[in-house]
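Note that chain A is present in both complexes that follow, paired respectively with chain B and with chain C.
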Partner chain A sequence: MRSISPVRLFFKTVHARAVPRMIGMKREPSWIFLEILVPLVNTTAFVYLYRALHAPEAYVGFVILGSVLSAYWMNVVWAMAMQLHWEKKEGMLQLYVLSPSSLMAILVGMSYGGIVMASWRAALTLIVGLLLFNVHFATDQLPLVFLVFGVTLIALYGLGMTLSSLFIRWGREPWHLALAFHEPAFFLTGMNFPLSALFASVPGVISLISALLPISFGLDALRQLLLPGTIVGVFPPMTELWLIAGLAVLFLTTSYISLKFMERQARVEGTLALRLS
Partner chain B sequence: MTSLPKLHRFNSTSLEHEWRTFRIAAWLGWQVESNWTVPIVFFIYAILRPISTALILLLMYIVIAGNHRGEYFDYLYISNALYLIVMQSIANMSWTVLEDREHYRMLKYIYTAPVSLFAYLIGRAVARLSIGISTSVLLLTVGALWMGLHLSLLSVQWGWLVTYFALGIPVLLSFGIVIAGLALVITRNGEFMGEIIASMLLLVCSVYFPPDILPVILRKLSLAMPVTYWLEGMRRALAGGLLRYSAAMGGRPISPRLALYSNSDLAMILACFSVVGVTISFFFYRWIEGVAKARGMIDRITGF
Partner chain C sequence: MSQSPLAIKTDNVGRIYKKKAAKRVSRASSPDSSRQLVALDGVTLEVEKGELFGLLGPNGAGKTTLIKVLTTLLTPSFGSAEVLGYDVVREPKAIRERINMVSGGETSGYGILTVKENLWMFSQFYGVPTKEAHRRSDELLARLELTGMKDTRVSGLSTGERQRMNFCRGFITDPEVLFLDEPTLGLDVHIARVTREFTREWMRKNPERTVLLTTHYMAEADELCDRIAIIDKGRVLACDTPENLKRMLQAQPVFQIRAGGLSESGIDGIRSTTGVIGLTQEFDLETSHHSLNLILQEESVISDVVGAIGAAGGKLVGLEKHEPTLEDVFVKLVGRSLKEDVTE
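For the complex of A and B:
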């Protein structure tokens, strides 16, 4: 058998796990249409609500930015956190554990493919939203915008990788848990309103939970950068960038630890393949 | 010749038979919804999403209108609470079919059993509906106690509330039955169907805002939807009358278009929708069920 270096194996695994997600989009383009339609209709409803409240037009931009980042959140919940649980049900997880590639590489591949998948939805939501509602974003700090966006995604998918190792331990609960991650997360991250309004009106514990979700400060920073002068941020964008970077390190570490724990459970206790539904 | 006691259920009347199916399906529906965890966790799960949505709307309102809760807030909050019932009865019915066919893989056995699938689906829907209704009541209570919703038991128009509720539920279930029928024959993306319909209803059925501010095409669509009239009637009954903007904003009704209808008009419209909806859904379901059987779609696993 031909030997392969661990680094090369890692990247080949990443590529191999990411490709089905990208190919899947081409094979089933109706997914793209449907994944855009639902959030777009919901976004439109929130835009009209702000208009009914006679809100400044900048709030339309808030809602659209929230909708863009919600694409990644949904992808993290359904295509990351739930994914290993589904792989277990389909009988693939045992094969992953038995194969010589690392589970970390598989999760990184899932994240990479997931980011590509979600970016389609996010980009189309952004374009259609901008065209439909005539929103204008400031473009004078674009490099910082992309940096904040990129670091937010790393932290977010790190969180997804951690959750995927946790979700796998349950039987019927993950489905409900994933559903429960929708509206509460939208509330805690200020998806449709300024985050400072949340921090000003909820107890400190809830603010702390909110701060632990990477989208919160990511979205707040992006709003400050793309819609300057229309929002009072919780912190300046640079401070929020450092906080998100800290979350990225934290979640990548926790994902590594939880993955090792899961592998141990698989190899030593032999309970990973148990299907509880 | 000895009798066959085990077969006595087949001698029962059709109505008794349907009632038994309905009752057991409702119990099964409740078990499927709730027995995946302990009751306290299920309770938290059941209220977590609706409360979060209510808090989102509250904060959206506060950042624009400040801490004063005008009647628009009542409009928004009551609609959102009632929309839970709409979602549970309409959007989730298709999910029952998909879940039984794809996940539990029991649909074919239900078909081959001597039970009516129509009664079975209604039973499953009632389980979800009861969760939706109790969550709505809880949400309204929380709103009145802690979120500044103007809701008083003395001002509620109880007669109209019961009337609108009784007229609206058959319309909602009819919608659900039609969508469940479609789920039987749709092979791809069926899981999106309920979600898409729920989103469309959120946009066009005057849930968060009156139909008056929508573009003409969407406004016409809104006024053709029974849910629009149901929500308007229920809002009026719960708030004790027509909801209006503050005096500073002219004191006009929040929806001048819907204000043209009196309570009796709304009840009449809903009664017509109920009769038409129940009739159409019954015959549509029977037809589409036949199509699904003829094409061998009942036990098809699509993997979607």
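For the complex of A and C:
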């Protein structure tokens, strides 16, 4: 072990911690129903609602894109943010801390597994949108689309890692905290409606909170790039890309600091393990 | 890092937990809502490389707290501790690269993974090459008689099988210092013996490796450990080889008495007999006899003890003198039997 470089150890840990999620997906396929098919019902309901209201057809595209990113948001809030809490409950957290690997590598591994799982749902939502609801996306700026999408995911999972270290400190019952993050996000990020509508009608402080959620500008930029001419964005896509990149740096930094702080405090307070004698 | 031949060194190390009292009580009784629990109270120990060192103590003695301090999971409140010359507070990463820990009764491992997959996963956190990890896990699983379960999901393992898997997890990273915290808890007699044999064999093959073991099983400590520290209320009461510890009682005879018809107050009367240094008792439900283990100041005290049994309405069934055991040393130092502590 002593001869391995920290970078190599980081990636070995990421791979090793991603494997349980991958294997879990294969061995317990119930997630296909729970994680993919059930959420599609909600998306479909919004599509029918907009059509019943004779809203512009682009709104169907908004909903589909919102649903794609909501898959990752749900994964971040319900899996990533609560992960350390569960690991502690299962007696795994102290074994992670005991190892020479960083908690960051463990969480990145979990994120990787989570991204793969959420991507299946996102992909199916996209396919349903394209085939069932005849959504047409512009493809002339695909490299930028992928860039915005990738940076949004980095910022999003950086936020997830930060939340994870916060949830374990304050979350005796973390699902309450998860709920507090889950529901308002659908409103604050414009998951099912244009973000500009929100920014035009709510006080500045709410806009600020919205801007801190990586999905908000990520979704707004993707809508502008994939459904051009149908939406007035809050900012141009490139500006929003820079803002999301800033959030990515911010959240990766805060997650690093908060994980270190959490570990240090837990060592001082003796709260890494559930059982201490 | 200081160059040190020692695997473990603690210097007056202590750990105090702040425990919050119930709000209602604290408001009524005291403005200070916290109270302190001293889990470790100035422990000084030196363990050399290649030693199998035992920590013996009742529940709450501070054994696990000391292990947590040494494995960098807990910071000491005062004093200092080093593992392989690295300071537990300042250099935790250097220590973590070189150690591992197995705790009895831990439920680690993901149920969805098989035994082999779990072992591989943990080995990766220490940077063990995959091929080497598989080779080691095959070897460990065979030695711990788990080969037949290697492709079984962890969720399908019994408690004992899971504990054996955890035991393998501790060794798969080939640590320089291994902390075994009640490793045979929940194992049947045969497998517990296998794990003990394996631990000894591993140390024979790797003479530079060090094991720090805590156990409730006196015989396990006696059989395995090169040296033992007896710890109670966060303090080390004695530290020596099992033989030397037993020699402490050479001048004090140890008797085992079986008697019927004794009440608790009768036993208390025997305990308070002048010249009785230590007394532990067990009750045999089948025969309704008490088995008393007595450490006496001198041999002549036995007649007073027999008299006290009669005075308490008891009937002497058997009496024999035996060589002091580690259990007797423990009773003398701690004041009660470890068995009594376990059953409490």
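Methods note: the second predicted complex is superposed on the first by the 267 of 277 C-alpha atoms of A that agree within 3 Å, B and C clash if a C-alpha of one lies under 4 Å from a C-alpha of the other, contacts with A are read in each partner's own complex, and residues count from 1 in each chain.
Keep in mind that, in the parts below, a residue touches a chain if its C-beta (ideal position, glycine included) is under 8 Å from a C-beta of that chain, and two chains touch if they have at least 3 such contacts.
All values derive from a computational prediction rather than experimental measurement.
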item	value
Chain C versus chain B on the shared chain A, clash or fit after superposition	fit
First (chain B), second (chain C), both or neither touched by A:Ser119	neither
First, second, both or neither for A:Gln141, with chain B first and chain C second	neither
Arrangement angle, chain B at one end, chain C at the other, chain A at the vertex (C-alpha, nearest 10°)	90
First (chain B), second (chain C), both or neither touched by A:Val19	second
Chain B versus chain C as contact partner of A:Arg27, first or second or both or neither	second
First (chain B), second (chain C), both or neither touched by A:Thr254	neither
Touched partner set for A:Gln265, first chain B, second chain C, both or neither	neither
First, second, both or neither for A:His54, with chain B first and chain C second	first
CA minimum distance (chain B, chain C), superposed complexes, angstrom	9
Touching both chain B and chain C, residues of chain A	28, 277
Residues of chain B touching chain A in the complex	36-37, 45, 48-50, 52-53, 55-57, 59-65, 72, 76, 103, 188-189, 192, 195-196, 199-200, 202-203, 207-210, 213-214
Contact footprint of chain C on chain A as seen in their complex	1-2, 4, 8-9, 12-13, 15-17, 19-20, 23-24, 27-28, 90-92, 94-101, 106, 267-268, 270, 272-273, 276-277
Of chain C, residues touching chain A in the complex	15, 17, 59-60, 63-65, 68, 71-75, 93, 96-101, 106-108, 110, 112-113, 117, 120-122, 124-128, 153, 173-174
Residues of chain A touching chain B in the complex	28, 30-31, 34, 37-38, 41-42, 44-46, 48-55, 59, 171-173, 176, 179-180, 182-184, 186-187, 190-194, 197-198, 201, 277
